[in-house]
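Data first, discussion second: the structure below is written as structure tokens.
Labels for the chains are A, B, C, D and E, by order of writing; each one numbers its residues from 1.
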């Protein structure tokens, strides 16, 4: 027999949003509830790009944009028409226990505290990160031990954090910024490499666990997605970054600097053939889901601004093929 | 005809053959009328006849089943010459709606073109299935006719039947080999690709494991180091701590249960202990991360030690508790299996109970205990969740239990479920790690087998 | 001479039983054995008793295995316990060093005095008792250790020697006494389980005497051995009796005759007759003893 | 010659050692059991609230015109109707002073997102309700639930509290009016997964676990027993058999995640079996538990006294007959215990299923072994990773259900063992 | 009379061995037994042989357990195999129904003819052979099934009866023949393992005769039983000999004397002497036989 349900794979970050839509879709229509696998973005792409056909997924969630190499792979395997849907943003927050001091960080602080090697006062010189206290990084900060619980290198959250927070902080040093054009590899390795001496703790991808660990250890900071802060506002509080507190409005407006886009990708070939595909897409991009006050925002998704939302809506309705 | 119906039909037919053959032989025996010799029971002739009809037909059925769908698809695609499909997969997709249309409503909802295809499809499907059913059934009939002709009272039916059964038993035993082959097959290809990028030696002997953010091709290639040594050391460190907890506790529990406890205590305590092994590891993980780790940290800091918040010690301790039943159950069994005569020999010399246990029972039960410990160790090596939650993922090359370490399995899981590209060295590394782990346990097992055998030879 | 005697014994070998059986199939055998056996015939007491047991009753759960046995065992004598299978020989023997303590369901009543002291008294320590009353079992049961360690086991746990040299000496002396030293002196570190059955049994004896017990209990020590090994064990017992009191259970009347001074005959948990070995075998006082000795059953 | 005194002297110390040794043994068991007790208490404590659910009683008007329905409407028509505003209206009627948009949103969030479907299903069951005004007990939102159960402390300052004062006031007003009730949460056992904590149920995972175990059992039991019989009774001594034995022992030691890789490569990619299906999970887990059952079965078979085999052979039974008529029945209790231990292991396993797509959101209850489904430990894993606080108690409740299954299986093992052993 | 005879036998019970031993400690026992035993004394052949074994050698791996034994077993006779422990009685017995096949390392050479046919011939089916040559073991080993099923097992697997009534009849007849029917007739469905030792052994005999074998092999069938049960078994053997050929291994010379017509004496894997039971026990021709019978060893 054929497949009468929609199959979605991919990011664990998009999973909480994708599933809400799926559930409402399943409950309010006569179609089956789509199956949403949480495989991680990379694992999802691998499955998604394996080909078209009923034994491949119809949709892949991603907490980063699809890569050229992945798209090429898709094309090679006959997945010629891929539609990209940007669904909103996820803020990445740095938080600590609610009873601890509130941190007011800059991205430069984050870079200095977490990079493997930091620049000295001499231009061009790097030393292994010597800082053990926040106050050494920035005298304004409290004199507590640098201890940050965050995701491992395999995670998209980490990837985004490195790019949006660390690299931005890194650019504060002009000579490093200069290497970007001269020696790109060198630049990346300075800005993107996180210290491995125990100050940064790779704590796995269970954000609830990080939150609970923060409560046991009030000195520590944790890095995780905004929706977890939203739900646990009584337990943890977010640090200000570059003066902006992690809140709905600041993230949506871009004032809060560390947020990343969330996507899903659709195989056009499947839309007509898998029962319910079109209806599911309609539900997802509807105002009541993705809109500014849609139910996805209740779950912590930072919505697109109106223009972007309309653009995405049109692109999706027209099934525009993605090209990178 | 539906496959299940066909199988039922074949079974009915086999039953019929069984009775035919049995009847034939019973009649033949009766005609002989001499009962001096013990004869093979007629039912064995029946079994042979039944297998005769069943086995070849089933094999053919399986083969046909394999080619059925491709055949139908090729037929339908011949019919669908006007349907342009860019790849083979698309046909399946095109047919999906047709195949899922199992109610009249859904059929009615199909487009006109698809409705046509729907009818054609069902025509082809019906004829194909009918042909296949005919083939399978005629094979069953032919073999039975052939078998019935061949069978006579001199056929060693019981032996033939038992040979077939023995073959099936051997087949079952060989599944272990097939599984091994399957495992090797499933990790080898990706591992080779990995070793194409990272030299085997630097993987096996490298002391730095730091697959830093290399999610995009243009990122920190420079600092991605794939030296597996820290992972193996980490695995060993945590397993060692776990064994340090579970072996004494498990062994002492086993000793208490098998030597000191009354029967009723034993019958209650043993199953309770076994529950420990059944608790999902996620639960242990939470416990280790949220209760044990902070406690150890507090304790360490109160005596002036610096303890990482995710320490190998916390994960190891909790894991040790989890594997207690592996050690205790098996040790209990082997301790009770030590001949009573040895125990009496020692007691008879005036040894106390504990002296007897330590100096005689445990040495005599050692191979079995070692077996239990090995099982526990392999469980520890294979454990993932506790380490992810309580020991973190940092690949420190250290044997200090107060620091954070990571293990091979944890890395496999995070690498495979992570966000990086699926053909990046990072994802592939997971397969290489899997292969290494598999080879390591295999080697350990071969060694263990030899050691145990040698030990047995010496003392039995 | 031998032949004549045998002729007498067996002239109608199966006749007796057969005749008896023919009369009334279902009950004769019991009848034939339904002889009074409540009182013990012979001299259960002796002066200079090492062990003195009085009115011993032993139960396995609700099943009584020993009924009211009273028997003295003299110092430096070899006493043989004989009787048909299941008559309670082993059970009685195992009371003498409280080996029965290891069987949960086993319960011992009555008095058993070793040198005038009740060994079942609360204050008595079975560990000490077993060091004083050694035991050799039916099947040789060397520990899975080296020959040396087997013999050194007892002295080590009891701390009988204060240094290695002394221990070496004690092990050697015990092996010599057990007649095993010559055969194993070159491989004291080899596993004890690698020896032949007879050697193993002698190793077990060496192990027992290394603790220098006062009494040695032997439960059919030769029944698992071949004739040659058996002869060696018997020879050894004859030597050991100079220094030890020995109680031996055997199912071979010939063996009892060869090694013991006194013999006790058990039947269904009761001590039927006890006396000089010579007398028991040549002139049994009790009908049951006679029937057993002449091979009417067993 | 007499060393009684020397021994006596050593005895005091030795008896002390004996006592220490014995207490160490007791202590070990006590530690293990204590640990278990702590874990279980913790789980039960956390899980307990999950078995209760808060409901809000509202008076709703099922206005036929606004809903565009009547008592004869068909099911699809009712399905298509929008019941959400009916509930919103009821809430607005109850709290008429709420005006601002923001406040309205908060007010609407008092009832669960599932409330509209609850109402819809009521109407489907009884279309006569259309046009009536009825009182309905709606499922409360997880925040309300948390307040009522006391998981959120009302006395905290507003800034530290997840539920703000306004909402709290509404809840308290409803409470004082008797419109809030708490009852047994039957739907936890009757529904599938959901993204709303108050609606999430365990049934899908239970059914998925049962299907998976069914596949595992029906594959691994016969194969393992057959393999054990072959190796114990028929196998000649040769290299092949040695190789098989090494393989079996080795597979017992292979980390379970590797079996997941096998399942992915062989069963899904090579044999094209469906992803996320209990059938694949079952096969993978059966390969994983096979060694456990084989090893247990072999020792059970080995423990059957040879006299039993000889008795059968002596009567002229063939080897095969002696095995199947006598050895196997005698070894059955041991084999069954081994099997149940293996099944318990399979029941609690997560890692290999990560690889074959069973870590998934599946709201519909699986109907067969090829339907997508998830299993209990994975449900635990997924819930533990959800942002919503309400899932905290659900996670523990799922663990409790899983443990109940495990304990039940162990109890069955003990019962079977006793029963078969007692018989003879 | 009995008493006198015993006196002669035991006047100096341990003297003989002891004296011999005293001369040269390490070697005497072997010397005492170092008597030529390569050829068999007596009449190994008989007319009307059921079994005829010729030059049988049996090896366990490289260890030879039976050396060159040739012996006939007559139809409807009871022949007893006696000899010291480990001399190969069981091994020889188990050759007769190829029970040794189950021991991997065991290898049998020579000819064993049952009714003129070589039972070790390739074409011979050991399963059929064992149905013709039944076996009763040392320890009673009933199946863990009901009494009825125990007896019915053989007839069922061989299809000896065609319906339930016939089977019932056969089971009853076998139980009657084994002298067990009276005791169990009310509880045929009760487990066979619940019977007493003696009853179990009779159940095993009933089970064996239910297959109606031609020969019954018994390996120390009464050694685990008490005297009363033993007497019952012996009585039964006396009745069974009317219909069956019986080969019985026993360690009790008395038992051999009571039940058998012919006796074969084995020693270290060799058949030393065979002859009329009467003659063997009263007038053994071989020195070893005599020594064994007079209790000089074993």
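Keep in mind that, in the parts below, contacts are C-beta pairs under 8 Å (C-beta built on N, C-alpha and C of every residue); 3 or more make two chains touch, one makes a residue touch a chain.
Only a predicted model underlies this, so the values are computations on that prediction, with no experimental measurement involved.
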Required minimum of steps from chain A to chain D, each step between chains that touch: 1
Chains touching both chain B and chain C: D, E
Any chain in contact with chain A as well as chain B: D
Chain nearest the overall C-alpha centroid of the shown protein atoms: B
D-E compared against B-D, more contacting pairs: B-D
Most widely separated chain from chain E, with each centre as the mean of CA atoms: A
Whole-Å gap between the CA centroids of chain B and chain D: 20
Length of the line joining the C-alpha centres of chain C and chain D, rounded to whole Å: 61
Intercentroid distance (Cα basis), chain E paired with chain C, Å: 28
Averaged-CA centre spacing for the pair chain E and chain B, given as whole angstrom: 50
Residue numbers of chain B (touch at least two other chains): 38, 158, 286, 350, 352, 355, 416-417
Of all residues in chain D, the ones touching two or more other chains: 7, 14-15, 316, 318, 384
Shared-contact residues (touching 2 or more other chains) in chain A: 12, 39, 55, 205-206, 209
Touching pairs - complete list by chain label: A-B, A-D, B-C, B-D, B-E, C-D, C-E, D-E
Residues of chain A touching chain D in the complex: 5, 7, 9, 12, 15-16, 18-20, 22-24, 26-30, 32-33, 35-39, 55, 98, 205-209, 225, 227-228, 230-234, 293, 295, 298-300
Residue ranges of chain C touching chain D (in the complex, touch as defined): 125, 127-128, 131-132, 157-160, 211-212, 214, 243
Residues on chain C engaged by chain B in the complex (per definition of touch): 97, 99, 102, 104, 127-132, 134-135, 137, 139, 141-145, 153-154, 157-158, 191, 193-194, 204, 207-208, 211
Touching residues (chain side chain D, partner chain E) in the complex: 237, 305, 307-318, 321, 325-326, 329-330, 423-424
Touch list for chain B against partner chain D, complex: 38, 158, 162, 165-166, 168-177, 179-180, 182-183, 185-187, 248-250, 252-253, 255-257, 259-260, 267, 269, 271-284, 286-287, 321, 324, 328, 333, 350, 352-355, 357-358, 374-375, 378, 381-385, 408-409, 412-413, 416-417, 431, 434, 437-438, 441-442, 444-446, 448-449
